[in-house]
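Labels A, B, C, D and E are assigned to the chains in the order they are written; within every chain, residues are numbered from 1.
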Amino acid sequence: MPPVVELRSVTHAYLGDREASLAVEDLNLEIEQGEFVSLVGPSGCGKTTLLSIIAGLLQPSRGEVLVNGRAVSGPSPEVGYMLQQDYLFPWRSILDNATLGLELTGRLDEAGRRKTADLLADMGLKGTERSYPSQLSGGMRQRVALVRTLATDPGLLLLDEPFSALDYQIKLQLEDLVSETLRQREKTAVLVTHDLSEAIAVSTRVILLERNPGRIRRVFDIPPQIADTPPLYARDQPGFAELFHTLWKEMELAGTSADRAGKTEG
Amino acid sequence: MPPVVELRSVTHAYLGDREASLAVEDLNLEIEQGEFVSLVGPSGCGKTTLLSIIAGLLQPSRGEVLVNGRAVSGPSPEVGYMLQQDYLFPWRSILDNATLGLELTGRLDEAGRRKTADLLADMGLKGTERSYPSQLSGGMRQRVALVRTLATDPGLLLLDEPFSALDYQIKLQLEDLVSETLRQREKTAVLVTHDLSEAIAVSTRVILLERNPGRIRRVFDIPPQIADTPPLYARDQPGFAELFHTLWKEMELAGTSADRAGKTEG
Amino acid sequence: MAASRSEWLRSRHDEFKRAKRLRKRAVLAVQGILLVLFFTLWEAAARLGWIDRLLFSSPSKVFRQIYANMVDGSLWHHLGVTVGETAVGFVLGTLLGTLLAVAIWWSPFLSAVLDPYMVVFNSMPKVALGPIFIVMFGAGFTAIVVTTLSITIIVTTLVVYNSFCGVDPNLVKVARSLGANRTQVFFKVILPSSFPAIVSTLKVNVGMSWVGVIVGEFLVAKSGLGYLIIYGFQVFNFTLVMSSLIIIAFVATTMYQLVVYIEKVLVSRQ
Amino acid sequence: MAASRSEWLRSRHDEFKRAKRLRKRAVLAVQGILLVLFFTLWEAAARLGWIDRLLFSSPSKVFRQIYANMVDGSLWHHLGVTVGETAVGFVLGTLLGTLLAVAIWWSPFLSAVLDPYMVVFNSMPKVALGPIFIVMFGAGFTAIVVTTLSITIIVTTLVVYNSFCGVDPNLVKVARSLGANRTQVFFKVILPSSFPAIVSTLKVNVGMSWVGVIVGEFLVAKSGLGYLIIYGFQVFNFTLVMSSLIIIAFVATTMYQLVVYIEKVLVSRQ
Amino acid sequence: GGKSETVKVRVGEVTRSVFYAPEYVALSLGLFKQEGLDVELQTIPGGDKTMTALLSGAIDVALVGSETSIYVYQQGSDDPVINFAQLTQRDGTFLFARKDHPNFNWSELKNSTFLGQRKGGMPQMAGAFTLKNKGIDTASDLKLIQNIEFANIASAFASGTGDYVQLFEPQASIFEREGRGKVIASFGVESGYLPYTVFMSKKSYIGKNSDTVQKFTNALQKAQLWVKKHSPGEIADAVSPYFENTDRDIVISAIKRYKDQDTYAQTPVIDDKEWNNLLDVMDNAGELKERVPAGKIVNNTFAEKAQSAAVSGK
């Protein structure tokens, strides 16, 4: 079986009228079925860019991207992508926002609607189904966006900081919910986060990017005793604190070793 | 001297065509000059609503709001409010976004521009002054929004999750920067956060709200040995872990004791 | 406590709704006052000789004329003809204009190519194209509708296309990432998102269609309000001209209220 | 490594810019081809008798006419008059329309009250208001400009106001929290945010102003392209009519390109 | 009417005016119907549009100033427009003054402001011709305003523009009734007989439908004789369905004025003298490239037949 995600020397430069700027350079990566990979790295190092490339929303300037062994040419319903901001449709009710993916792929029926409503309830959003996005708080909206991504049940999940606007309790609860669901259904996931302990707790592998331009600095394989434990308890596992500390130090270095070579004025 | 912020039995209900929903109920609060108060509480408990009321962007349905002893009737330049999302002006360059407040209050001169640029550089945004918001990553945009709020040097700062999109390193760095700056200049601040350790590390007081409708559940006065230590080190102070734990437990209760009484259909 | 709270909430809500109703009534009242003022002033000006009675007629004369035409039934005939033409022109204009906007949204290249041509077509005085319309579409209904279309389509297209372009690209990104093809992006994101702009175009188009039909009836007509106006000019009966204008104003307002009503229904159904 | 990287980046960027230039050229080429095709077809149709040579004239005749008028200087006179009127009408129309939009944005109550009245005014056939304009503004320049305004103002107002209303309320919130008063909110948020919509209105207005001026010149004019058209109709010289229309198309395109250029300058200055 | 079914004839008139009274008489008295014609009348404002409708086949017969047929001929057409029946034989405008001039002399126009008809049209040409014959130089002797559209000339005068104005009926009668001034001379009288408004059709149509054209002309001839024999009041009653929104006394006054000065042609025939006068008028206005011989675009055969039939039928 081919890896679910395969990046082969992917480079991406943003092209503007005035300048071109390098966001990701020469990146190689393979993610196998069932893996839960976290991307961490300093702000602006290219994490979102990378997810957009895997999702097929962005054509890399150079290199190849394969999902399930096929070259990516555009977004596909197999891949679920949760953007960094919620971008709910203001004219749709919460439930209609959450079922958007089902609707677009022609799978929206009563069962799908009920399942999505249950998912909303699991995320503590019971009773808001008929509200509109403008009536919700920031954290509530983020959860709706997460439900929207999960509702279509994609094989590969790309999550860009899905828990950033949430309070700690809900965050842990949802980490648990999401990682359990994915594990059970053997889904693959790539998570962007700036919470290192979250990265360690939920993933099987943590990839640390460094910036300018974005490149892999180091890859951490999470020892099985942590990786196989539900996130809520993973943080108490032996070895967690050490791993956190190593990651932390490395991250610090990644953040400070930044140069601004990746720009050209012209 | 009157308290910088004084809320007297403030209640707020959002009125829509179909229903009215209670977001904050009967809230009393006094914040003294130089205090750094954190608001924590489950997502949707009314933190943003409360900040908007103090900022004068929202008229409470009932109760009185005083800032510096004067009743609030609208936004004032003495109060700096950083919204939960960045909302940068897409047609302005980063520097022009950051200097917006100075421009609006007619204080924009070369010195102000230079100072703002320095502030941007302090936040790790050197070199982006002439870029546009769409060219920045999520975390970078959030920092620009923070600079925009700080640039006008307001006496009272209302910060709605200013560090949520940032990686751990930058977050700590900025917590430090912000709290040091405020302390030195004797500013008052209200911070909304969902990171309990952040709340304890930066504040002199943590207010825990509970939801439906938003009410104060408990107030934690941070012991001086933690409150007076810069956030970066505060986390290592004795008593921090205990406080964190208490807050954590209380927060868990606040989150689960939610009822949905605060709605009326009609 | 909970009871008194929900009671308070309800009272608040009622208050809110009452305030909204009150405001609406105030708006209606001011509109009414303005209307009455206008007609009173006009009548007074005509009676006191501030304005030329021959050219401006007077409300009393105008309403007498309208009443007479209503009684003898001739009004309904002319009105029916014109309203029919306007309705067809309005619906077709909005539809075709929107379709054209969709087409150029679909193909940015087409949009770039057509851009100046649309402006040029828009800057052609349609009255001067009259003979061409007559040649191509005969001297009747079709020519009138085409005249209307020539006036409404491009404006509709430009405004709607502009609103399509103003849609937040991130919403499109969301839809695409959820597997939407270009058609779905259009129907699920672009269209609902530009809905307010399209409705406001509808409102403009109601007016433009009336202008188009009347101009068309100036060119070729056996009946209709535009014919009455031209005829009024020819027999130098300005009371007839004014009463036709007043009827146009009245019916255009009605059509406009219909559009507003449809908008409300559509919005509430969303 | 760094050198080759920045070299690669530069080459990418150059490629990008080249692609953009190429696309622009392709657009121009297609536009040119369409234009040539149009004139060729027209000429062929006229020569082969597919269309009535009398009513449609033919490009060769039209260009001969234009050339002759250019040489004897009469073209410049008429052109100057019409361009002057159009420029005044365009600038005033855009300005006043935008100002009205600002006014009703400022006062939502005013907006609610005026809403139906604007639609009604918009649905008045301006040609039928001719006598009123002539009586109030005399038979000359002013009447022509007022006719133009009557055609452009309301459309401008409605479109601009609508774009004002479409501005993200959160941006307004930001500005208000930074101490902006209503004036500043308007100038710093509402206006720049609706800038694209306003520019696209300008583009529509270029066309509408031409229509307005020509209609105005139909009503009262001693000279100008509208006069030429009317005169051409009177003496059944459709070559004159067509050549005037072609000149209008040409000058309107030029004015439009000017607007596009101004837009570019303003955007790059932002 | 024969046993054959009625033939439909689509007629476009350039304006609705009592100036064309015999046409409406023919319609309302059913004279066309008697000839087995079903005439459908449509007003297509503006000579250019009427002519366009005729050329493009949207109508079969046009009632319009005969100068347009000359313009069409001048532009060169494969299928020229043929004048076959004359309706009015004089210009229909009057010189209207704000003040009454009991012993009017045309030289009184000097140094005044004269609100004329628009350039290129028949009224303007007839006006210019008259002024020239009266020794008035329009360039230097008076201030000539001729930039206002046909339908708005009366409005402009009413709002204070000009000392004198060139007006059609019923405006002249209405203005007199309202005390806005007086008719002091007639351009129709001064410019003489000429084929002013004429029924015309494309050569090809006449070729294919000579029978129909003949019937049409016959009906018209009957109407013209009827108008000749009846009083303005009777004529006004006959045409009233076409002037529903005009006061009867205004219609009568207008018809009387036109009838008194022999505006309504009594036969459809366009004689050479009239034709040459028309060419003179147009020549004077500078709108004529070459003198078009009557034979090219006038066909009097139908008119003459109708005339003789009417005389013998009497």
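The working rule: contacts are C-beta pairs under 8 Å (C-beta built on N, C-alpha and C of every residue); 3 or more make two chains touch, one makes a residue touch a chain.
Since we're looking at a predicted model, the values are computed, not measured.
Touching chain A and chain D together: B, C. Under the contact definition, chain C and chain D share the contacting chains A, B, E.
Of the two chain pairs shown, C-E and B-C, the one joined by more C-beta contacts is C-E. Centre-to-centre separation between chain B and chain E, using Cα means, comes to 85 Å. The centroid of the Cα atoms in chain D and the matching centroid in chain E are 41 Å apart.
Note on chain placement: the centre of chain A and the centre of chain C lie 48 Å apart, centres being C-alpha means.
Mean C-alpha position of chain A lies 27 Å from that of chain B. Contact of a single residue of chain B with at least two other chains is seen at positions 21, 85, 263.
Residues of chain D found to touch two or more other chains are 52, 55, 131, 135, 218, 233, 238. In chain E, the positions touching at least two other chains are 46, 48-49, 52, 55-56, 151, 155, 158-159. Interchain contacts (touch definition given at top) occur between A-B, A-C, A-D, B-C, B-D, C-D, C-E, D-E. Residues 46-49, 51-52, 55-56, 68, 71-72, 74-78, 118-121, 145-149, 151-152, 155-156, 158-159, 161, 287 of chain E are the ones that touch chain D when the two sit in their complex.
Those residues of chain A that touch chain C in the complex are listed here as 55, 57, 74-77, 79-81, 83, 85, 87, 89, 91-92, 100-101, 103-105, 148, 152.
Those residues of chain D lying in contact with chain A across their complex are 2, 5-6, 9-10, 12-14, 16-17.
Taken in their complex, chain D has these residues touching chain B: 168, 170-171, 173-180, 184, 188-189, 192-193, 195, 270. The touching residues of chain B, when paired with chain A in their complex, are 14, 16, 21, 40-44, 47-48, 84-85, 124, 127, 135-140, 143, 160-161, 164-171, 194-196, 248, 251-252, 255, 260, 263.
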